[in-house]
Amino acid sequence: MDFDWMKIPYALLTLFIVVNYGMLQNALIAKIGARVGRRRGIPIWQNYADLIKNYSIRSSITHGVMYYLGPVFRLSGGVGLLLFVPSLYGSEMFSNLSFAGDLILALYFIFFGTLGMALGAAESGHPYAAIGITRGLQQVSAAELPMALAVFSVALQYQTLSVTEIVAAQQGGFQNWTLFTNPLAVAAAMLSFLGSMMRPPFDVVLAPQEIPIGPPTEYHSSYLALMQTNRAIFPIAKIVIYMNLFFGGATIWPEFFLKVFLIYMVSVLVGVVHPRFRVEQSIRWFLVWAVPIGILSIVLV
Amino acid sequence: MVSPLVLIAAPLAGAFLLGLVRCPRAALAVTLATLGLAAAAAGWWVWQLGWAGAEAVEVFTAGTPPPFAIALRMGLPEAALTLVITLTGLLSALHMQDNLAETGHRAMAVLLVAVMAYCGIVLTRDLFNLFVFFELAAIATAGLILLSADARALGAGFKYLVVSQVISALLLIGIIFTYHATGTLYLDGIAAAAAKPALAFFLVFIAIAAELKPFPANGWALDVYESSHPAFSALISAAAGAASLYAADKLLTVGGPAWLPAATAIGIVTFVAGNLLALPQGNDRRLLGYSSVAQIGLVLAVAGQRDVLGEHYHFVAFGLLASHAVAKAGLFWLSGMVAERGLAAWAALRARPPLIFAFATFVAMLAGLPPFPGFYAKWELVRVLAAEGRLVLLGLILFGALLEAGYLFRWFGFALKREPSGEGLACAPSKGIPVLAAVLAAWGLAWQWGDASAQANLLLGLPLLFALAFVLLDWLPAWVKNTLAIAGLAAWFALTLGQYDPLRLIFAVIMLAGGAVTLLASYHAHGRRIGFYPSAMLMYAGLAQLILAADTFSFFAAWEILTVGSYFLILRGRHSEPHALSYIVFSLGGAFLILAGFAVAADGAASFAVADLATLAAPVAPWVFLMLAIGFMTKTASIGLHVWLPGAHAEAETDVSPMVSGILLKAGLFGLAVLLLAMGRQKLGGIDLTLAMLWIGAASALLGNLMAIFQEDAKRLLAYSSIGQMGYALFGLAMMNHLGWLMALMFVINHYIYKSMLFLAVGGVAKRTGTRDMYRMGGLINLMPLSFISVLVGIIAMSGVPPLSGFGGRWIFYNALLTAESRLPMILIFFSGPIAFLYLFRLIHTIFLGQLKDEHRRVKEAPFWLMVPQMIYVVLLIAFALVPGVALRQVDGHLGGLLPAGGLSWDGLTITSDFGYWNPVAIMVIVGIIFTTLFLWLVFVNRRAQKVKQFNIVFAAERPFRPETTHFAWNFFAPYRKALGFLVQPVATGFWNGISGGLHAGADFTRRLYTGNAQTYAVHLLVFVVAVHLFMTGM
Amino acid sequence: MAHIALATGFLLFLIGLYGALTNRNLLRMIVAFTVADAGINVVIVAVGHMRGRTAPILDGAVPAAEAASRIIDPVPQALVLTAIVIGVGITALMLAYAYKLYEARRSLDIGKFMELKW
Amino acid sequence: MAWITPALTVLLAAAMIGAALVAVLGRSLPIAILAAGLVSLLASVLFLVLASPDVAMTEAAIGSGLTTFLFFFVLGRVRGGEHD
Amino acid sequence: MIRRAAALALIAALGALLLPLLLGYHPDEALNLTACYYAERTAADLGAANIVTAIVVTYRGLDTLGEVTVLFLSAAVVGLVLARGRTATTGGRPRLPAGELLTTGSRLLAPLIMLLGIYIFVNGHLTPGGGFQGGAVIASGVLLLLLAEPGRRLGHRVIALVESLSGLAYVAIGVAGLVYAGGFLDNRILPIGTLGELASAGAIPVIYSLIGLKVGAEFSSMLANLSETEEL
């Protein structure tokens, strides 16, 4: 688990794979959503086009240092998160930079981007940005709880905090997956997952269809491009954690892609059938439904 | 050889002589000279008996030995008491010399006779002679009451006469039947008599007890205290009180052990009731009256415990009595200088800082704080009572003392913080000298009691002396004193460096070295900053001694010293008066629990090492643990006991907040650490107490954080956050495993750094913007960039986001949790983490980001000296994030010896636990590289970005009108309030308010007993007599 | 006989005390106290009395040698002397107070002097 | 003759108690004062009976004489106050 | 009514409390140790025939000194009370002159009464009576003068002088006892003399005379102060 210079090109390779996969998957899911709604939907390469467009826009303004740094924090958070977690089990090289820390590092590093983003958007001086941030933070703070409980349940179950070891413990058939050995933890975690993916019914933070609210609306051009990049990476990085903890991890890239896609689809499917929650409703919802499951999983493990 | 009779003959001769002197000034001179002579004689005897090794003498009058003639005795107690009496008389005469001169020679004669009578009460060994002296004292009192300028004094005097008539009738009946039964009036003869007349002696006893103004038969005394000339009240309180107590003591010696329970009961009821009834008083002299009554009750209760106190009896009783006499006389004299009678009128004292020092001295002395005699006395008393199992009495004494401290410190707060009004202060030298003398006496006695104590003399402690030196140096400019203070802290740290084990070293570094760093911020203050340095250094002295304390006595003394020092410090804040009060009341309540815990633990041993707590076994051990733990948790503001903290920390001065938050709170943690190390797990009634602590810690963490997110006031937010942070640390300690402790210590260090930094930063911002309300700020990032950086670094560290040092704490924390046995409290802790993130974001957002307000457009960066420590902290945080091992490794190794299982391994740069691993340097490097790369990339693609004002925005298709309406800051987390607001209902505040309100209401109701009618008072007296008789025959 | 005197003394004391507690007039209270004082004095003397003995004065009838068996106990008498004098002193004092109180309020009602309370 | 002293004592006692009741319960203040003086005077007779001539003299001179005068002095100064 | 009933109940309770004293009282059959000592030793030791006087003046001299001081105090405090708040003794309303008979009679009687008082205290160690009784008698002489001539202001200075000097002398004798004899107020600084004679019992007659003077002065002062009050 030590550092090796060769890890750097492999980490970059992982990054490259995930960025591309993320952009395609986002477009694919958007397209599926459109088709379900009897619309044509975007082309599959739309995200690439947006990205290139945004990176090349010349006119840009800044509101100050933190505004400038916000997207940087955000993307650093996404990239870091991805790289602190091993992507493929059994591959020394695709375990990325996970030698720097264990599960706890990954969990806490999620906040790095969030914090930077929040600070950056806040400096825009736009009240809606602040409102969006507070909503997001509040919702996440409640949604994180079942996740933390589930993670802890898993850590207790396997008596380790190392992601690699957790995955190792799930090898040898899907009956060894945490999904089956500790279903309550997985249930709690998946509920939390819904909340953290910013999809309906927990999307009041972004609320794209209504008032222009939330951080992304305050950014444009290359800032937005950075954030779009992150939007390709970050959900995947998070799902990788779920995959590793609960669904046996992945040993080869196809397995990786499949599992990530399926996990992502869970949130999409739920979002299609549920109306949107207000923030306090979602806080209560997590506390009333998800947290008890998490507690139960901890007590029973 | 001075005959003790001088004490009687000289004042008498002086009194008779005054009839011949016409000129008031000459008469005054005669009076003062006579009192001076008497005082000299008493002083001579004190010297002879106390130091020169003389034996107590019995003086026979009429050349005939007792029991056939009256005999007097002069021993050390008598000498000391007569010294108190004559000195009080002398100084009171000096204080009221104008009134005396105006009233003429008769008043002076009466004063002289009063002093003579008090001396006689002390000296005589004859029962009837005692009666005569009491009558003399009563008549003289009735006369001296008239010296008052208060027209109501006449009524008070009459009430007094009515009651003393009843008392003397009972006394006479008792005396004659005692004589009839024993055939003698000589006290020792009565004591030796075979058949003791119980009922007759009861009458004598109850009459003398009534002279001590027992509750409820004391309404007359209070009226006298309220309306008399303050100098005379000083005399009644100090001299007459002392004399009557000694008379009661003599009677108890005569009566034997059978009478002790009654004395105790009367005394303790009076003590508690007197202090309770003092709570709603608004008149300073009446309040002092209640306090006097209470104190004398306490000494009587102690006299009732002489059977168990044994050889310590005099040390304890005289310690309490001396504290009472000196402090009460001093306070009454001070009252004579203050023009108006409301408690708030004492604010006039602020015109003369030495008088404030005097006031503080007296309050501390009365409250029994170190290093005054009452402190040593209380220690011994509690120790013995606990050893004897008299716990109810012990509890009542501590409860009464807490009430007393409550109203005394409230009063002190008024004096320091209220607006002085009206006429102010009468400051003649003749009024100042007695106060000065009382102050000197107070410190002299402090020395003396320390010297005589079986424990260490606190006034020999270098840190305390250093702190006290600042009282004398207070005329220096602040920067000189600040330099001295920093140098002192550093020097003491260097001096004692070798004496700390790694655990203590951590605390020492924070409290001493950290204290010095925090003090850097104090350079920003101009002028002399009177009072700041004595208070601050008192707190640091307490902290310094606390870490080094090996035995329970020095531990407790240090604890009280740091408490009182920090109280003075907190009180300096502009609006901190009520908060400082609740701080000191809670702290002293906690301290008393600690005291009781130590006493129970010691089980009578004169000296008890803190480490010996480990030797305790059930059934004592869990109770000791419980008391100590609650005491320490008061200091860490665990939930339920936290209500003092937000106000105290938020309202303190800018550079005080980091001291009391970053440093002082650690004292509580230190106490808990020491306690848990020594005692480990304790079970009480099947409940694992460490488990209870675990729950309390978790609840503190959750609720503290939750309350923090709803604050609009930045410093309050930080204060509530401290409650949460201390909850984490408590949780860690209570886990009782290696990693839990490591995490707690990590919190200790981190919390010091980031909380000090944040308080300083927020304080600097508040100083510049003139508000602490976050919604009034906003957009300050460009104007105060350095403050912004320190807040940013602070919140990253505090929220535990990698790569800064807070993450290390979290990492250890999660690892520790994996080893914890109980999982449910963990859930609370889990929840509080993200919530902390919310309030931290709010802090930085609403102050530095968002829209800049118009009125703040010209705000400058915080003062230089406030920034210096902040920048040091920034460097420290980053350094500590990179190499946490510098501190942690030592502690880890040390803890390995105490809690061996589950330590960390330090493998190169990677830190490994049983469960996971962590490489701080790698994290820092990786994050740094990613961040820098992306940043450079952004700069590259975005190099022509144009800077625009924050206000240059459009939303909802309109341009905003004013920045105020565009800054989203107020009620920032409204949905949280909707969802979880019920959790932050001020239940604890309501509970404590209810207790305090209940006490006040009870006191207010009870004091209506004192109708002001002389006959009612006489009825009270008779009811008291009958009730005590029933109590005694019922026993 | 001593019992009778003793009982009288106690009764006087109690009567006086009752008067002091129930009469609202200052002067009446003082009068009642003098009655109580007298009662106490009677009690003291009665306690010292011994049947069939004479006053403790040595003269022709009581030579010094027989004194111990002929006289009554002198000590209570000495005490009562003191008590009487003290009693009158206090009575005078109370009277002076009553006078001044009357001067202040033009009333001798004890209920008028209750401004100091609680 | 032996019955004379006890009888006298009883008589005195009864008279004293009667006078005391008058002093305490009587309507007129001057009479009350006089009654109190009478109590003292009777007491001094009782003291004589009890073989205490010193006390008797003192009680007569001070207790009943001087005190009564003191009362009347004050009573004379507070006209109107006696009915409060 | 309730007040009175409550007071009565309280007094009854107190009476019940004191009752055992009455019921348990048994007169002594013989003198106790202290009294026996006085009976046997007074004559020989102090030379006083009146044992009560011996006790009052010598054995319990400190009590008596206190007692005198009580009177002194009372007089002083009465003076203080009455002087309080009074600015100057403005004449007030003129008083009715006493009758001719009373005036003449009192002028005749007063010196005689005072002489009687002096007799009483000078013989205090021999016969019943002494300083207090004598002092009271002297005061009654003064009282007579006051009654006879209500307008006349008594010589306060004279009274104060007598009071102070006799008090000082008393203390001085007490201290002399300390120095020249066995202790404070020991009467044996003067020869004891023969039992029953006027010039016997050491300093007792001197002390008792001083007490008489002082008590007389104090009572007189009290009476004078009270008599000088204004009618309200």
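When the chains are written out, they are named A, B, C, D and E in that same order, and each has its own residue count from 1.
By definition in this document, a contact is a pair of C-beta atoms (placed from the backbone, for glycine too) under 8 Å apart; a residue touches a chain by one contact, two chains touch by 3 or more.
The structure displayed is predicted, hence computed values, not measured ones.
S.K.: So which chains count as neighbours of both chain D and chain E?
M.R.: Correct list: C.
S.K.: For chain E, which other chain has the most distant CA centre?
M.R.: Result for the farthest chain: A.
S.K.: Tell me which chain's centre, taken as the mean of its C-alpha atoms, is farthest from chain B.
M.R.: Most remote chain from chain B, centroid-wise, comes out as D.
S.K.: Where the centre of all protein Cα atoms falls, which chain's Cα centre is nearest to that point?
M.R.: Chain B is the most central one.
S.K.: Quick check: more C-beta contact pairs in A-B or B-E?
M.R.: Comparing A-B with B-E, the pair joined by more C-beta contacts is A-B.
S.K.: Mind checking the centre-to-centre distance between chain C and chain D? Centres are C-alpha means, answer in whole Å.
M.R.: 11
S.K.: Please work out the Cα centroid separation of chain A and chain C, and write it as a whole number of Å.
M.R.: About 99 Å, centre to centre.
S.K.: Calculate how many whole Å lie between the centre of chain B and the centre of chain D, each centre taken as the average of the chain's C-alpha atoms.
M.R.: Result: the chain centres lie 59 Å from each other.
S.K.: Could you give the separation in Å between the centres of chain B and chain C, each centre being the mean of its C-alpha atoms?
M.R.: Their C-alpha centroids are separated by 50 Å.
S.K.: Quick check: what residues of chain B touch more than one other chain, meaning two or more?
M.R.: Each of 128, 132, 135, 139, 142-143, 154, 173, 177, 180, 185, 1019, 1022 in chain B touches at least two other chains.
S.K.: Spell out, as numbers or ranges, the residues of chain A touching 2 or more other chains.
M.R.: Correct list: empty.
S.K.: Would you pick out the residues of chain D that each touch at least 2 other chains?
M.R.: Correct list: 53-54, 58, 62, 66, 70, 73-74, 77-78, 81.
S.K.: Write out all the pairs of touching chains, ordered by chain label.
M.R.: Result of the pairwise touch check is A-B, B-C, B-E, C-D, C-E, D-E.
S.K.: With touch defined as at the start, can you tell me which chain B residues reach chain C in the complex?
M.R.: 128, 132, 135, 138-139, 142-143, 151-152, 154-159, 161-162, 164-166, 168-169, 172-173, 175-177, 179-180, 185, 219, 222-223, 226-227, 1007-1008, 1010-1015, 1018-1019, 1022
S.K.: So in the complex, which bits of chain D are touching chain E?
M.R.: 53-54, 56-58, 61-62, 65-66, 69-70, 73-74, 76-79, 81
S.K.: In the complex of these two chains, what residues of chain B are touching chain A?
M.R.: For chain B paired with chain A, touching residues are 779, 781-782, 792, 795-796, 799-802, 807, 810-811, 814-815, 817-818, 823-824, 826-827, 830-831, 833-835, 837-838, 841-842, 844-845, 849-851, 910, 913-919, 922-923, 926-927, 930-931, 934-935, 938, 941-942, 944-951, 953, 955-956, 966-969, 972-973, 975-976, 978-980.
S.K.: Write out the stretch or stretches of chain B touching chain E in their complex.
M.R.: Residues 3, 5, 8-9, 12-13, 15-20, 59-64, 67-70, 103-104, 106-107, 109-110, 113, 116-117, 120, 124, 126, 128-129, 132-133, 135-136, 139-140, 142-143, 146, 154, 173, 177, 180, 183-185, 199-200, 1019, 1022-1023, 1025-1026, 1029.
S.K.: Using the touch rule from the top, collect the residues of chain C that touch chain D in their complex.
M.R.: Those in contact with chain D are residues 1-2, 4-5, 7-8, 11-12, 15-16, 18-19, 23-28, 30-32, 34-35, 37-39, 41-42, 45-46, 48-49, 53-55, 57, 72, 77, 80-81, 84-85, 87-88, 91-92, 95-96, 98-99, 102, 106-109, 112.
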